Every structure is written in C-alpha cells, then in structure tokens.
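Naming follows writing order (A, B, C, D, E and F), and every chain is counted from residue 1.
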Amino acid sequence: MRQDGRSKSEIRTVNMIPHFTKYAEGSVLIAMGDTKVICTASIEHRVPPFLRNKGKGWLAAEYSMLPRATAERTVREAAKGTRTGRTMEIQRLIGRALRAVIDLDKIGERTLWVDCDVIQADGGTRTASITGAYVAVVLALKKARDEGLITKWPVKDFLAAISVGILSKEGAVCDLCYEEDAKAEVDMNVVCTGSGKFVEVQGSGEEAVFSEAQLTECLSLAKNGIRTLIEEQRAVLGDAVSFIDTAANGDGSYE
Amino acid sequence: MRQDGRSKSEIRTVNMIPHFTKYAEGSVLIAMGDTKVICTASIEHRVPPFLRNKGKGWLAAEYSMLPRATAERTVREAAKGTRTGRTMEIQRLIGRALRAVIDLDKIGERTLWVDCDVIQADGGTRTASITGAYVAVVLALKKARDEGLITKWPVKDFLAAISVGILSKEGAVCDLCYEEDAKAEVDMNVVCTGSGKFVEVQGSGEEAVFSEAQLTECLSLAKNGIRTLIEEQRAVLGDAVSFIDTAANGDGSYE
Amino acid sequence: MRQDGRSKSEIRTVNMIPHFTKYAEGSVLIAMGDTKVICTASIEHRVPPFLRNKGKGWLAAEYSMLPRATAERTVREAAKGTRTGRTMEIQRLIGRALRAVIDLDKIGERTLWVDCDVIQADGGTRTASITGAYVAVVLALKKARDEGLITKWPVKDFLAAISVGILSKEGAVCDLCYEEDAKAEVDMNVVCTGSGKFVEVQGSGEEAVFSEAQLTECLSLAKNGIRTLIEEQRAVLGDAVSFIDTAANGDGSYE
Amino acid sequence: MRQDGRSKSEIRTVNMIPHFTKYAEGSVLIAMGDTKVICTASIEHRVPPFLRNKGKGWLAAEYSMLPRATAERTVREAAKGTRTGRTMEIQRLIGRALRAVIDLDKIGERTLWVDCDVIQADGGTRTASITGAYVAVVLALKKARDEGLITKWPVKDFLAAISVGILSKEGAVCDLCYEEDAKAEVDMNVVCTGSGKFVEVQGSGEEAVFSEAQLTECLSLAKNGIRTLIEEQRAVLGDAVSFIDTAANGDGSYE
Amino acid sequence: MRQDGRSKSEIRTVNMIPHFTKYAEGSVLIAMGDTKVICTASIEHRVPPFLRNKGKGWLAAEYSMLPRATAERTVREAAKGTRTGRTMEIQRLIGRALRAVIDLDKIGERTLWVDCDVIQADGGTRTASITGAYVAVVLALKKARDEGLITKWPVKDFLAAISVGILSKEGAVCDLCYEEDAKAEVDMNVVCTGSGKFVEVQGSGEEAVFSEAQLTECLSLAKNGIRTLIEEQRAVLGDAVSFIDTAANGDGSYE
Amino acid sequence: MRQDGRSKSEIRTVNMIPHFTKYAEGSVLIAMGDTKVICTASIEHRVPPFLRNKGKGWLAAEYSMLPRATAERTVREAAKGTRTGRTMEIQRLIGRALRAVIDLDKIGERTLWVDCDVIQADGGTRTASITGAYVAVVLALKKARDEGLITKWPVKDFLAAISVGILSKEGAVCDLCYEEDAKAEVDMNVVCTGSGKFVEVQGSGEEAVFSEAQLTECLSLAKNGIRTLIEEQRAVLGDAVSFIDTAANGDGSYE
C-alpha cells in the first residue's frame, strides 16, 4: 500500500480541461493528482533556418515552472538570465517525444510551438507535460485541418507518458508523487504510443543500480499506466479521435 | 456605448478564486473579463543584503506572461536571457504599490515575494496583477498571523488598481480591454487605497497630450472602478477584512 | 524655506551649452543645479524591423549614468551585463515623452537616437534628461532641415519636464535636489508641452499616499517650473524657435 | 556487415592513455575509433553550498567539444555565452552515472570535478566520456588514498558506457560511428557497472518507435560491449583494480 | 607636414580641468585636441576577494565611450550585455600602467577605482585616458593624505602615455588623430614614467611589419611627447607635485 | 643558470605534430616544454558582414584553456557565460599577428578560423599559440591550393612568437616557464617574421619599469628564439616551405 492509498500500478486521478485558454490554437490544463500543467500548442507560419525551403515543418517545445509551483519558491529563469540543465533536458524530451508521432512533412513550412507551464508540481511534471502537450497539439492540428490550413492528417498515433520508480519498501510503483520521487532509488520516464510501442525509455539510478528484471517490471507498469492515460485523452479529443485511429492502422488499439 | 456594451464607467466582470495553488502562503486567480492572472505571495525568511540586520522586511514583485497569453506567441524572457523594459517597469510598479499599504517593520526580517503570472491577456494585466497580488499578500499575512509568525497586523488599508483611457470616439472610459487599449490616445493606470487616497497615478499620451480637465475626469472614473474592485476583494478575504478595517481607522470606508 | 534657500516653486539654476560635442547631429550639456547630463541626438538612416517599409521614422532613447555621477560609485551596467529596471523605466519615459511632440511621419525612414548620459547626479536626472534631449533633438532636426534631409518640420510643440514632491515639513516643492528627493513622501515627474498640455504625469508614494488636492497643487508647481524651462530652451534654440512656434498654432505661448 | 567491416556486436578499437596531462589528479586520453576525449578528474577541497557542513562530498561533470572536433566548425559555447541543451544533458548524464558507483560519504567535504573535452568526434562522445571519466576519477582517488587524503576506498564498482542503435538495414548494432548514428532510427545509451547492473538506460526514437523485443536486443549488445570496455579499464588502472574488486563483493566479476 | 599642420614630433593641444565632477575623490577632464575623456578616481574601502586580509590595496580601471563619442553612433555595451575585446584590452592596460607607479602596500585594504569615460574620440583615447587617470588618482590620494586616510605617500613617479605611428607618407609621427590612426601602418602605444622609464610598449602592425630602427625612432618620439604631457600634469597637480618629486628620488626630473 | 638548467637565451624543447586532428583543414599539436596547445585552422566559405561583397577574406582567432590545463582547475568560460579580458586580449593578438603575413585578398570571400586550445599550460601559451597557429594556417592553405580553392599563394613570410622577461636574479631570459613568468618584473611578448621584422612588441612591467637598454636586450633574445622556432616550423611544413620562401623575396632567410 502506498502513502496515498494507491496500489503500485494505480495512477493518480487525471483531469484534462481542453480549450483552457482562448488565444492558443490548442490548449489544455492537465492535472495528475496535484501536478497541474497548462499546455498550449501554437502554429507559427515559418520554420527555423535549418529547415527553410524544404517544404516540411518543425515542432519545438518549451517547459517552465511558475516560481511558486513548488513547496519552496524557485528563482525564475528569466531572472537568472539562463535556463537550467533540467529545463533544457525536459524540453528536449517533450519535443523529441511529440515529433515521433507527428509527420512534419504534412504540416508545411510551419512550426508547432508547444509550451508547458507547470502551475503546481507534485512529481511527474515532465510526463504530465507530454501527455497534455499531445492533446494541445492534436486540438491545434484539428483546428488547422478544419480551416483548410493542412490537408493531410499528420498525427500517426496516440502518445502519452508516465513515470515509474523503485522504492526500497514498496518496490516498483507507477506515477510517483513528489514524496515518492524524492526517495526513489531508480527513476524512470517512459513514453509510449497508442499501439504500445516505446518512444522514449529513460531509466536512471542516482545512487543505485537496477537489474534487467526490475527494468522489465517497471516497463510493464508504465505501459499499463499509459493505456489509462490514452483512454483519458480519447475522452477529451472529440472528433479528432477518428482521424488518429485511422492513421494508426484503422483501429488505434493499444498493442 | 463601448464595443462590448459596457458604459464608460463600467468595469468588466471580476472573478477571484482564492487559494488557487496549494504551496504558496497566499494565492488567487483573478479574472477581469478575459484577462487572467495567477498571483501568489510567498514568505521567505530573509531579506535582501541592503536590509540585513535592520529588523524590517521587504516586498518584491515579479511579473511574467505565459508565451501564449497573447494573440501571437511571445518569446519567453528565459529564452532571450533578459527581461524587457516593459516587464521591469510593471514589476517595479506592483512592488511599489503594495509597499505603500504594508508596514514592513511589522513582518520581521522576511521577504514577501509576489509573483504575477499572466495566463491570458486582454488589457489591464498590470492593474489586475496589483488587485490580485493584494489579495494574495493579505491571505499570506493572515496565515502568518494565525501561525504566530507575525504578531502585529501589517496591512494598513485596502489596495486596488484600474486602467482608464481616452478614446477618440468614446472619450474617457474605465477598465480598457486590449482592443480599446490599442487605440487609446491617453493611457492611465491608477492605484488607490480603500480610503480613496492615490498610491500611483501614471498617465501617458504616446502620440497625444491631455488637459487637466481630462486628467480629472479619468481619475474620477478610476476611483469609481477601484471602489467596486475593493468590494470584490472584501468578498474573498474572509476574516482578514476586519483586521484591515481596524488598521484603516476603524471603518475602512472608501472616502 | 528649503535647505538651499529656494522658495517652494523655485527651480534650480538652469544652464544649457548647445553643440557640446562635435559628432552628434544635435547635442547639449544641461545643468540643473548640480545635476549635469550630456544629451545627444543622432540620426540613423534606417528604422527598427517593426517599422520597415512604412515610410515613417522612430525615436529611441537611452539613459545611463557614469559610475561616479553619484556620491558612492555605482557598478557599470556593461560590467553587470544587464540594465537595471530603473534605467529601463527612465529610457522608456524619455522616448515616450519626446515622441509625443515629434511627428515621425515627417522624418522618413530614419531613427532619432537620443542618448542621455548623466555626468553628475543631484536629483531630477530623468526630467533634466527630457528637457535637454528635447533641445538636442530640435538641433539635430534643424540641421537635417538645413541640409535638405527633411522637408517638413516635424516638431509640433516645445517639451520640458520637472520633478515635484511632497516633503513632510516643507509640503509640496518643485525641482527636488537629491537630499529632498530622498526624504520626499510623494514623488512626481511631470512632462508638459509649450502649450501647457500634459504628456506624462507619474506620481508615486512609496510609503505614503496622496489626495486629489495634493495632486492638484503638485501639478500647478510643475507647470510653473516647466514654463521657466521652456524659456531657457528658447534662449538656446536660435532659429529653430520660429519653426516650433509656427507648428504650435502660430504663437507657441504657454497656455 | 557494417560499413567499417565490424560485426553488429563489435566495438571499435579502444585506446586509453592514462596520466595524459600533468596537473590533474587523474587524467586519461580515451580513443574509441576516431572519437577522442581528454578526461580529467580534479579534487577541490570544498563542496557546493547545498552540501556544506554535511561531511560528504560531491561529483560534478562538465563536457565540451573543441570547435573543430567536428566535420564542420562549431561555434564555441563561450562565444555564444550559453551552453546548449545537448551539452547540459550530457554533462548531467556523466555526473549522474559516476555518482552511482562512488560513495561520496567517503571522500569528505570535497568536490570531484570531471572534465570531458572532446578533441575529435566520430559518434559516441558521451559514452566514451563516461568510460574515460571513470578511469580519471579512479586514478585521482587512488592518488588521494596514497597521499592519505582519504582513508576509505569510495569506488564501489567498475563503470562504463556504450551506445547501441537500430539501423533500417543492419538492425541493432553496438558502438555506432557518426555515420551510423546519423541514420539510426533508434538511439540508445547504456551505462552499466562491472557487476552487470544498469545505471542508465536512455533509449529514444526521434522519428521511429521501438518494441520491447528490440529494446531487449539492444540492451544485450550494450552489456556485451561494456564488458569489453571494462577489461580495457582494468588494463590501465594498475593497483586500483584490486581496491575496486574488493569493494564490489570480492571478485568484481561482470555478472 | 601633417594634415593639421603639426610637425611629426608635435603633440596636440592638451587641456586638463581638474576637479571636474563633485563626488569623485579625484577627477579631471582631459582634452588632447578633439579627444576628450572624463577621468575619475574613487576610493572604495575594501579590496577584491583575492587580496583580502593581506593589508594591501588594489587599483582597477574601467573604460567606456559614450555612444556618440564617435562619428557614427556606437551601440552601448550595456545594451549588448557584454564588453568588447577592445574595451577589455584597454581597461587592462590602464590598470596595469597605473599600478606600476602606485605602491599599493601604502593605501591599506582599499580599491582605487579608475573610470575613463570618453566624451569625444579623435584618436589616442587609451593614452589620453592613462594620462588623465594618473592626474585623477594623484588628486584622490592627495585628498586621502590630507584627510589622514593614508599616511605614507604611495605615488612613486609621474606617468603619462602617448601614441606613435608610422604613416606611409609622413613616416613616424607622434600623437595621431583619428584620421592618421586609420591609415597608419604601424600603431604604437607607449607609457613612460617621469624618470623616462618604460612601463608599457605596445607596437603592432596590422598589415605591415616594422624594423628595429623604426621602433627606436617611434620610442624616441613617444618619450618626447610624454615629457610635454608630464609638464602639463605638473601644472594642474598643485601641492601633490612635491610629494611625487620626493618619492621619485628627490628631483622627479625626466630622464 | 635558470631553474631548469637552460641558459638565458635557450628556448625549451619544441615539438610539433602536424595533422593532429582529422577534420580541420590544418592542425598541429605544439609543445614548448610542458606547454601544449592544439591549433587548428578551418576554412569557412563566407566572411563577416563588414567584409561582404568586397572580394577579400578574413582571419579570426579564438583561444581557450581546458579547465585543468592549469595547476588549479579554472572555471570554464562557457560556464561563466562570458570570456575574460585575458582571453579577449590573447585572441585579438593571435588574429592580428597572423593577418600581418597573410594576404587576405588572395583567399577570396572566406574566413580562416584559427582555434588555439591549451591542453597544458606552463607559461608562454599565447606565443606558442601563434607559432602553432601559423603552422595550422599554412597547412590549411596548402591544402586549399592543392584542391584548387585558391590560386595565388597568400602567405607572405614565416611567423613565430616568443616570450622574454626580466627576472631580478637572472636578468633577461628567453621563453619563460610558468614559475619564471610568475616572478618576472617585466614581461614581453614578441612576434617576428621570417625576415626578422617585428609584427608585435608588447612589453609590460606590472610592478616595475624598464629602460631602453633592457628593451633592446629583450628584443635581441626574442629574435634569436624566434629564429629557432622558424627552423622547427620549416621542418614540419614540408612542400609549403618553398611557397613561403618564394613569397618572401626568394630566400626566406631570417634577417
């Protein structure tokens, strides 16, 4: 039994409010327990220099935390004048994960800007950001399709992410809250598609190591949690679901 | 008649959700029409170097906008590595305004950090930030008092802010939305206390000038709007209201 | 009676040396008492990106203090690698004030760069900068007109600025020196045109508040001081005076 | 058969020159094929602020590439004034990996600075950095022990890293050179201990996804390659080998 | 004959106004022809970290140009957020030169801050800065001695600097104005003491080379020019002259 | 006799390994005693903005030290986000020196990027950088000529650099190691061509001064040392030697 009463495979209550802000082409407020992230997707009608005149698009992600998203106030990166390594690593991960399921050849010379701003942080902010950002991006692309900006549907599959970890007492558990995360010996972030394929597997033991058996157990917990998250995404994506299902081999079933 | 049907003295619908985030000592989500700002107040148990060992506290404010708070995506200040002049000016204004009604001798060697993060911007973000930040600060100080951190009540009066402006067609109007702001010839931001005194008056004509009569009309509209805002603050501040009223000469009435 | 023997409405001795440096299109050394500022106006034959191909010009201002303009040596902003909020706020104010009386449609696709470098600071550096910068800009534009670079006279009116403040003992006074400024309860900066209209009114009480009556008294002192400053500007502007008078409805009289 | 004639499980020729520079407490030049990295370990007799007065040490890593380590000259990060996300991510990985096998409680209040400077880059620079940095750190700690600076041996196990990837034609291969890396669909970096436990598993498909079976195959190739690397480390570490073997349960055998 | 009628060994008209600003402990406005520099010396009652608790002082110099000191407006270094290599090189030179004649053991744990701000630049700004900075420093130290802050006189000798150069037509000339400097094949900056010793010799041919004979001729011109400058310094230094003469072996004669 | 047994005119053992790295157009590892620098020359097919469309090329140099090139670890400039004044000064010197013997009109609109990365520092890193960079540049240009990129030979003469200094005990000595450099009263860096002309003479006494006789003695030692260095350059430059000799008046003899 975990500190908040969940079983080891149980994820926290997920809540997504689509169209959370009025200007972004796509937006969602995602809550996984007390972790809350505003995700927006913006469409810019140009690409970075290295892609110009190649007829394809780009997707870039940025991640940030409000100063008081955390128990202690964090200094703003704008005040320091530079972004931390942690921020850089997270926004690279978000962008890479999303690009795995978006066919950028189909959006023209445009950039999808994904912004994940953490309002409240209780563990798993990077995976909640990916899960929410996917929804924001799909909503933005659905709008672009409805307006005739794009003619071919670029989203190849569903995508969600979850954290798993190994605690000394509870063993492997899924979707760690901050307190669990702080004491975990092994920390893993897993990103999967709707068809159950891996997009990212990042496992790390800061002061510990892990065996192949432990890795296998963690990955199984992760896949299970991601399956639930994708069901939640389906519930808020409305019309766009059928487009994705069609792109993902006609059924979009999870594995 | 204004574009959204309001009279010239009418402010937009105000909505404040106190205790919006769980970690900050005080927090509120303030909405004035489509302008939405998360305001938090944090108590740090030390002061900046220039105040050390003087037995008094400090209040510092920071202001930021999410990239997609605006119709076009704005580049993050953390990405540019520097804050714009506009941001600097606004956060100096917020801090200065709040310090006018907080007796910093009564909070000990602590810093009140005020963070105003604009989620959605439709004009008047700096004045909404001040009105919301005041609520967050009072909630934080009430909590500090309840926990015995401070023993003397430091808030001397209510405080709220509003924008007024002069349009070529409509004349002087109160609480401009973005579209009105963009075409205003004169732009004014006014901060008042609950007793109707001025804390800040900032009037500026970018490509126009204004007479003393116009200034007087604007200030009258501003005072009227601020009176309404302070009523809204009273409604969400609960127990803290009586502390403020007592500090403000026993009645706290507006003028 | 004030500490330096002035009456409450009396401004300090003003001294302006036009053509102070040889390269700038317009320049002046302005002294208001011990406050001394070198103001230059430079004409650059291009505009910032947001104005390109619109056939109109721009005016941008920068403000800085020599490290030893102050009683204690101040660290250079170039050494810190960033400009303070105070500097940003002041240079935004200078630019905005000047743009109110210059018709930028009449200078073509050019930028007027205004540089205000404080050599010695004894209070009122931002208002002295505006008063001096106006002179530098007019000299630069007169030169541009004489050389045929511009054909329509773009300066619509005179412009000057002064500080006013409220001291606990002396009450409202005009043109504060540093010592007065340091103990003022309310601090106001006012920018007016030659025809007595307001361009900027910035009043602020850091640890105090002020009433409408006090505001009115301050504005009256400010207008009076600005009238004197504009007389001084007339004395150093030579031929350009008649151009400005003509643009300001044939007489250029102050109210 | 791969482009350079290697089998899919074969790693490139490894060459390590210990004591490559004269000032660092430990240093090595590691070459894996054409990838060449200078790794140094420095002992600083203080710890970062967050660890002060806790009686334990810290290990921090930095990574950089000479401008002409690459086929096209890269702009120096010192010239840009900021480090890229890639650099940040890599140096965080190197530090985290090494901390997994160093017992920082046993080095006192000291910081082990690990510097990995890539002289020539032909794929796998981050894994070569980890493998080389481990050697530099052990040499530095052996020296510290010989000099009596530390009394308990802090290195708990061997540590090395390798890249694996999935190519469309060749399938899963071990230790990719730059050309292979550029066309790999899935890219994986694996860090293991001498006892065959995982320290880090980072698998990522930028425009592709991967199955659990593919992950398993990659991990097997990685473990195999790392076994060879650890044999090379043994050959250059001299006396220190027996200390590590003793710490790693008396034998230090690989799985 | 040179373009401005000077002989090859003739320096431009020198003018120094001591006590130019009121706050600095020592200050001077130096003009060499149209090159004008405000030099101030400030005494700070602490030293940089590397000198703490060693009972000796430090001297640091900073150099800057007003944006419109030059024919074309230069971007401020504070706006760029970084200082150019040229600025860094010049301020290192100024500091090093002055430290050669100041005995820092005699000023206690204090820092002499030297600020050289170029108001107008017509060649030779770095050498004019050194010549003027020397005067500012002596005035500041004389004041410190008069006030009893220091008891031993720390200035060991006079110090001044001049530029020399080789032009294709005129040959070697002394004290180049901007136009001469722009076409010089060899550019030399020389700093000497009152007793005719070298403190700095920096000779450089950007697209040319120079022989030992040419070097000798240049150095002779430089020494001659510096002799004249030191006479000018004597004229403005008043009482301090005898202190310096005494320190410089009783006579202070040049060579 | 010097501390390492050398005579006052004797330089340390020089060792140059040409073609040290595989990607750069030209590269060398130069060792002067324990000072070791990797020098590379890269050809970029464009020029900086100020030279565009003028049909001539540019040469730019960058200099850096590995953190542990020194006895104590130095903080990386990329970590500080800015380059020190020392670095700026050195890379300006390297670039200026090389441009004196390269005819940039003959390389077309290209930039020669010279990178000097100090692996190990034992005094004289800037002069070793110049001597090595010259070799790297000649190798790169020889390759460019062999490939037909350039048709006219742009290298006008040999170029090398050495340090000289004056020690209180030993007097003037050539090619100082770190320990000698640290105690030198006068420090000089001299750059000469193969024909014995000066390109740069930089002499500086931080806490001392020097006479013309001392300068002359130092320059003589420098020329002598440089003669030896140029012999070493000849030995590693192969075919390119005859091109340089031809350009340098048919013989390339030293003085």
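Keep in mind that, in the parts below, a residue touches a chain if its C-beta (ideal position, glycine included) is under 8 Å from a C-beta of that chain, and two chains touch if they have at least 3 such contacts.
A quick note: this is a predicted structure, and the numbers were derived from the prediction, not measured.
Going by the contact rule set out at the top, which chains touch both subunit A and subunit C?
B
With a step meaning a move to a chain it touches, how many steps does the shortest path from subunit B to subunit E take?
2
Quick one: which chain's Cα centre is the longest way from subunit C's?
Chain centre farthest from subunit C's centre: D.
Which of D-F, C-E or A-D has the same interface as B-C, meaning more than half of the contact pairs match by residue number?
Most of the B-C contacts reappear at A-D.
Which integer distance in Å separates the CA centroid of subunit B from that of subunit D?
Measuring from centre to centre gives 52 Å for this pair.
Roughly how many whole angstrom separate the Cα centroids of subunit B and subunit F?
Centres of subunit B and subunit F (C-alpha means) sit 61 Å apart.
Quick check on subunit F: which residues sit in contact with 2+ other chains?
81-82
Applying the stated contact rule, could you write out the chains in ring order, opening with subunit C and then subunit E?
C, E, F, D, A, B
How about subunit C: which of its residues touch subunit B in the complex?
82, 84-86, 88-89, 91-92, 96, 99-100, 193, 195, 197-212, 215, 219
Taking the complex as given, what residues does subunit C use to touch subunit E?
Of all residues in subunit C, those touching subunit E are 21-24, 27, 34, 38, 40, 42, 44, 62, 64, 66-71, 73, 76-79, 81-83, 87, 113, 115, 117, 119-120.
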